[in-house]
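Each of the next two complexes has chain A plus one other chain: chain B in the first, chain C in the second.
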Partner chain A sequence: MDFNTIIQILDSTIRLATPLLLACLAGLFSERSGVFDIGLEAKMLVAAFFSAAVAATTGSVLLGLGAGIAASMAFALIHGIASITFRGDQLISGVALNFLASGMTVLIARDWFNQGGRTPALMDGGRFQPIDLPFATAVADVPVLGPIYSELLSGHTILVYVAFAMVPLTWYILFRTRFGLRLRAVGENPGAVDTAGISVVRLRYSAVMIAGVLCGIAGAYLATGLAAGFVKDMTAGRGFIALAALIFAKWRPWYALGACLLFGLLDAIGNRYQSIELLGVAVPGQFMQALPYILTVVILAGFVGKAIPPRAGGEAYVKER
Partner chain B sequence: MTLMKKLLGASAAIALSAGAALAEPGLIIDLGGKFDKSFNESAYNGAQKWVEDTGGEYLETELQSEAQREQTMRRMAERGANPIVVLGFANASTLEKVAPDYPETSFAIVDMVVDQPNVQSIVFSEHEGSFLVGMMAAMASETGTVSFVGGMDVPLIRKFACGYAQGAEAANPDVKVIQNMTGTTPSAWNDPVKGAELTKAQIAQGSDVVFAAAGGTGVGVLQAAKDEGILSIGVDSNQNYLHPGSVLTSMTKRVDNAVYTVFEQGEEGFTPGINVLSLENDGVGYAMDDNNKDLVTEEMVNALEDAKAKIVAGEIKVHDYTSDDSCPAG
Partner chain C sequence: MSVDTQKGRPDAAAPAAHPAIELKGISKAFGPVQANKDIAIRVMPGTIHGIIGENGAGKSTLMSILYGFYKADAGEIFIAGQKTAIPDSQAAIAAGIGMVFQHFKLVENFTVLENVVLGAEDGARLTPSLSKARKLLTELAAEYELHVDPDALIQDLGVGMQQRVEILKALYRQADILILDEPTGVLTPAEADHLFRILEGLRREGKTIILITHKLREIMEVTDTVSVMRRGEMTATVKTAETSPEELAELMVGRKVLLQVDKAPAKPREMVLNVENLKVVGEKGVERVKGISLSVKAGEILGIAGVAGNGQSELLEVLGGIRNGTGRITLNGEEIDLTGQNSDARTRRARGIAHVPEDRHRQGLILDFHAWENVGFGYHHDAKYNSGWLMDNEALRRDTEAKIKKFDVRPPNAWQTAKNFSGGNQQKIVIARELEQNPDLLLVGQPTRGVDIGAIEFIHQQIVALRDAGKAVLLVSVELDEIMSLSDRIAVMFDGKIMGERLPAETSERELGLLMAGITDTTRDVPVEEIEANLARKDGATP
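Let's turn to the complex of A and B:
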């Protein structure tokens, strides 16, 4: 494996890790505030559909992104109403949203576009184009650092940079602002927060809505950044992998970055080497495809120590009994 | 209440009279959807053409999930459709079970062989068509590396891959053929993101012509090929129009003709058994039209026509992967 190949695999890793990272951070906000969210997949899927649908109709990718975020936030709001206001079971609400998104997107797509549950292929204006960082071509010939800068770091769509910028931003919001402190507190001990005269419900709603925005960006990236349109169930389980990454990262932003990059890397290696000769044995492609999932299970089973979720996670807050 | 009864009675009478009339043919569309721009869409177009030509009507159902296969097939038979065309290899085991229960109904299955007295099995010589586009790929390639993206990893798709690799090697013995499958579950037919990522990985390894036999996933493959400025080859339907100037050609599989023929023959003309559509009867081939005429040189067309004649005459033997589950090339 030469240097160029490594760069290409890492380049692919970044593309594949981006939707995971956004969804993972979305889950981080939501779960840190005490609202479990297994509807990440649903929010990404509706966002993917509405961003592609609007981008296809208007030809503007930014309108598409806006529509995707709005749709995802609408789903987040449903989750919030069901599980915060009406104190329903957060897991059940999430599952319901997953089913709703899977069926609804295809149904609407059939009605609007008449193409069997997909949107028309997006033209160039309807997609996020790769952007070249300054001097990318100029330094391309510099050994080692040149390719790293011009191929690995440059040439992604704007949403990739947004996703990676979200990591320090999330860390700052959660650990260096008053809002973040309260948000974490409401996930550990909502009673104490309430006693201090701060609204638990409002904090949890804001966390859930932030999750909606992030999932919206993730879905829009899938449909208008990576692909050129929506097809049914195109999230293909990425929301669940993001949840696994969240647990793996112990609900911490920087660890989340590491976890998502690792899963992205495994995916990229699986794509690149569908049959790989290892010590004289041909490892079949199917094994490479299963590897990310196998590693997830192995890692979750014992190698991360104890992953402790936010203490009040999964429970609706009841003021008085 | 009485009005209700009358209405119900009337609709029942209509249903009965419809059943008594000459049966309408039926079409069961496989997972992947009617407008997959590929296999299913081709069949749908064939049925539409039949409607236009004859003014007849037909019944149609689109499978939504793996679990509906048997239910859908039985309902179609009970609604009186005859003959019924079932699309897709994945329906074979279900049809094997359902066909004996409806001995009066004729079934035709595309892409798989089902040995029942009332079933016509329509199979295509995909390996021959893939051989031709493989030749064209190797001739169009400047890097000497061509690639293949398959959908779900099943023998049928390996048959495409194997024919493609043999054709590429026939045109250029030094060619390198990279093969990737999208996945092992039916969702592999609907994952354009992964298709695009596989294509990019193949381009990184030097490929400059990619052949997609992957249903909806192929949309992502063709898109990635266009974005990266390489050539691609479509499948089943003529997909040249999707990205003019980037799609080199399409390996056409005339599912539309097959459906049309079965519909036209109707109940009377129906013949059970195996019906092989090959290069010889234009069941498979490569697509030429205005969208790709600037990409394909006369030299390529001549070479392909020559090879086609030789395959039909039996001078070139293209190995069929499904005959022994192995491939001599690639």
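Let's turn to the complex of A and C:
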């Protein structure tokens, strides 16, 4: 494996980790507030579809992004109403949204575009274009550092940079602001927040809606950045892998970055090496493709150690009598 | 800290002074239950005002209304003479009311500082609020003996310290009126005394304190005025100096009650239970019982005193057969297997051990089942309740009805769901089930937790009657009063070990309280800080 290959794999790691990272941070906001969210997948999927659909129709990727975020937020709102206002079961609400998103996107796609559940392939204006960082071409020939800068760090779409910037931002919000303090508190002991005179419901809704925005960006990136259009079930379980990453990361932003990069790396390796020889045995490509999913199971089963979720997670808040 | 120096001592207050709080005609119903009926109360500034009443009398509901946690169906609230609407807790805080709930409202994995600041931040950025709070906490600590490490995590603090954080929270929000709901339930006597000193200090500074409790002794010791609640109504408000515990108890219950358990000296006979070097490993691999030895004879009650979470629960569970341990235990001279392989709760029952668990909601009852089903637990294999393949529920119900009549369960309705009985009657259901199997050894944990005075009296009588019938009783309770009045011998547990055994006639609450904190040299003067440090240091400080 030469240096260039490594750079290429890492480059694709960054691109593949981006939707995971956004979804993982979305889950982080929601679950830190005490609302479990297994509907990350659903929100990404509707966002992917609506962003592709609007981008294909209008030719504007920014309108597409807006539509994706709006769709994702609509789903987040449903989850909020079901699990915060009506105190329903958060897992069931999430499962229902996942089914709804999977069926609804294909159904609408068939009706609107007649291409068997896809959107038309997006032209240039309908996609996010790579951004070249300053001097990217100038330093490209510098040994080692040149390619790292111009290949690895430069040349991604704006959404990639947004996703990675979200990590320190999330950390700052969570641990250095009033909102973050209250958000963490409401996920641990909503009674403490309520008796301090703060609305538990409003806090949880804000968290769930933030998750909606982040999933919306993640979905839009899938359809208009990573790919060029929507195809059926294109999230391919990324919402669940993001959840696994979230647990692996113990609900912390910087750990989330590490976890998502790890899953992204496995995905990148799987994509690059369709078959690989290991100790003289040919490992089939399907195995490589399945690697991120297998790792999810392994990590969750054993290597996480003791991950303590937010204590009030999964429970609707009812004032005690 | 802005202290309103205009408010003087109660005796200095002019007659024209407005009450700090005045409630008029407060009513509140939860469904069919009228929790508060037309309540009127006046609390004068700069006093400690006690509110006493049995469980379910409506004390906590009333205070929750005052704190904006519930909305009253009717009635008016006046703060310092001003009619004030308190729709939510924010309004109560703004009106200068602070509340220390019975179950603390703290975020366990936050620091003290973060908990104090939560909800009272100065701006969107946290750092300025935190440094301001740190400074204020130092001042408050010096002023009121409220010493807490601002950077400690709540989960690492003992309950006494956690309670102080709650008080600090209220003071940080500039509360002039402080409500404490059953504040001493979780404290050792020394910690309780320290709390009362803090409250005295706050009163001196002109704060008004409302103390909700069911403990008559505390009311008599620290309050200036006391209001009594019964069944949702305010039955009397009297000056503490002009009343007596007996009178208050009668006002609470509505009839004369025996405050002392009426019992003859024990006549211990042969050994029933002998425990040698018992060790129990609890959750997370932490050793919760660290090699204890004790024995209980027929015809005596051995009381185990201790702060909750010092291994008493594990001791009861091992003896009851629902947890494994190591060591040697004999019952009537025969060894009991502790590995759980040849011996479980069922075989223990067959050998004559009855178990009234500490937590009746989690272990004693299935709340959604009827009374007769709950009374039937443990009797399912009994031949007389089985006919062929099927259970003879008819027979079970007949016997249940007899049992609940005998144990004065109200209402005596075998078809009522367990959760619809009051706490006292739920406990009587459990006690009826366990005592009616005529055990040689009764294990009983927290027999009167959340139980009203009338039922306490009855349950205590039943336990003493069992002793007098020549049975052995092992009593675990965190209520020192209960331990002192029921036990024939007292063993004190701390951190999984027995700190010592005492005879009730030859010890004091103070001595037991020190043993409960792991201090065996009980003759010296022990500062409360040392007690707290001890309680916080042991494994799993929070119960």
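Everything that follows uses one rule, which is that the second predicted complex is superposed on the first by the 319 of 321 C-alpha atoms of A that agree within 3 Å, B and C clash if a C-alpha of one lies under 4 Å from a C-alpha of the other, contacts with A are read in each partner's own complex, and residues count from 1 in each chain.
Keep in mind that, in the parts below, a contact is a pair of C-beta atoms (placed from the backbone, for glycine too) under 8 Å apart; a residue touches a chain by one contact, two chains touch by 3 or more.
Since the model is a prediction, treat every value here as computed from it, not as a measurement.
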{"item": "Three-chain arrangement built on chain A, chain B and chain C clash or fit", "value": "fit"}
{"item": "Chain B versus chain C as contact partner of A:Asp233, first or second or both or neither", "value": "first"}
{"item": "Chain B versus chain C as contact partner of A:Ala256, first or second or both or neither", "value": "neither"}
{"item": "Touched partner set for A:Phe179, first chain B, second chain C, both or neither", "value": "second"}
{"item": "Partner chain in contact with A:Ser12 - chain B first, chain C second, else both or neither", "value": "first"}
{"item": "Which superposed partner A:Glu188 touches (first chain B, second chain C, both, neither)", "value": "second"}
{"item": "Touching partner for A:Ile217 - first (chain B), second (chain C), both, neither", "value": "neither"}
{"item": "Partner chain(s) touched by A:Ala121 [first = chain B, second = chain C, both, neither]", "value": "first"}
{"item": "Where chain B and chain C come nearest after superposition, their Cα distance in Å", "value": "40"}
{"item": "Common ground on chain A, meaning residues reached by chain C in one complex and by chain B in the other", "value": "none"}
{"item": "For the chain C and chain A complex, residues of the former touching the latter", "value": "30, 67-70, 88-93, 99, 101, 103, 105-110, 114-115, 117-121, 123-127, 129, 169"}
{"item": "Complex contacts: residues of chain A adjacent to chain B", "value": "5, 8, 12, 15-16, 114-118, 121, 222, 226-229, 231-234, 236, 268, 271-272, 274, 285-286, 289"}
{"item": "Residues of chain A defined as touching chain C within the complex", "value": "175-182, 184-185, 188-189, 191-198, 311, 319-321"}
{"item": "Chain A-facing residues of chain B, complex", "value": "33-36, 62, 153, 179-181, 183-184, 187, 190-194, 196-198, 200-201, 204-205, 216, 219-220, 223, 242"}
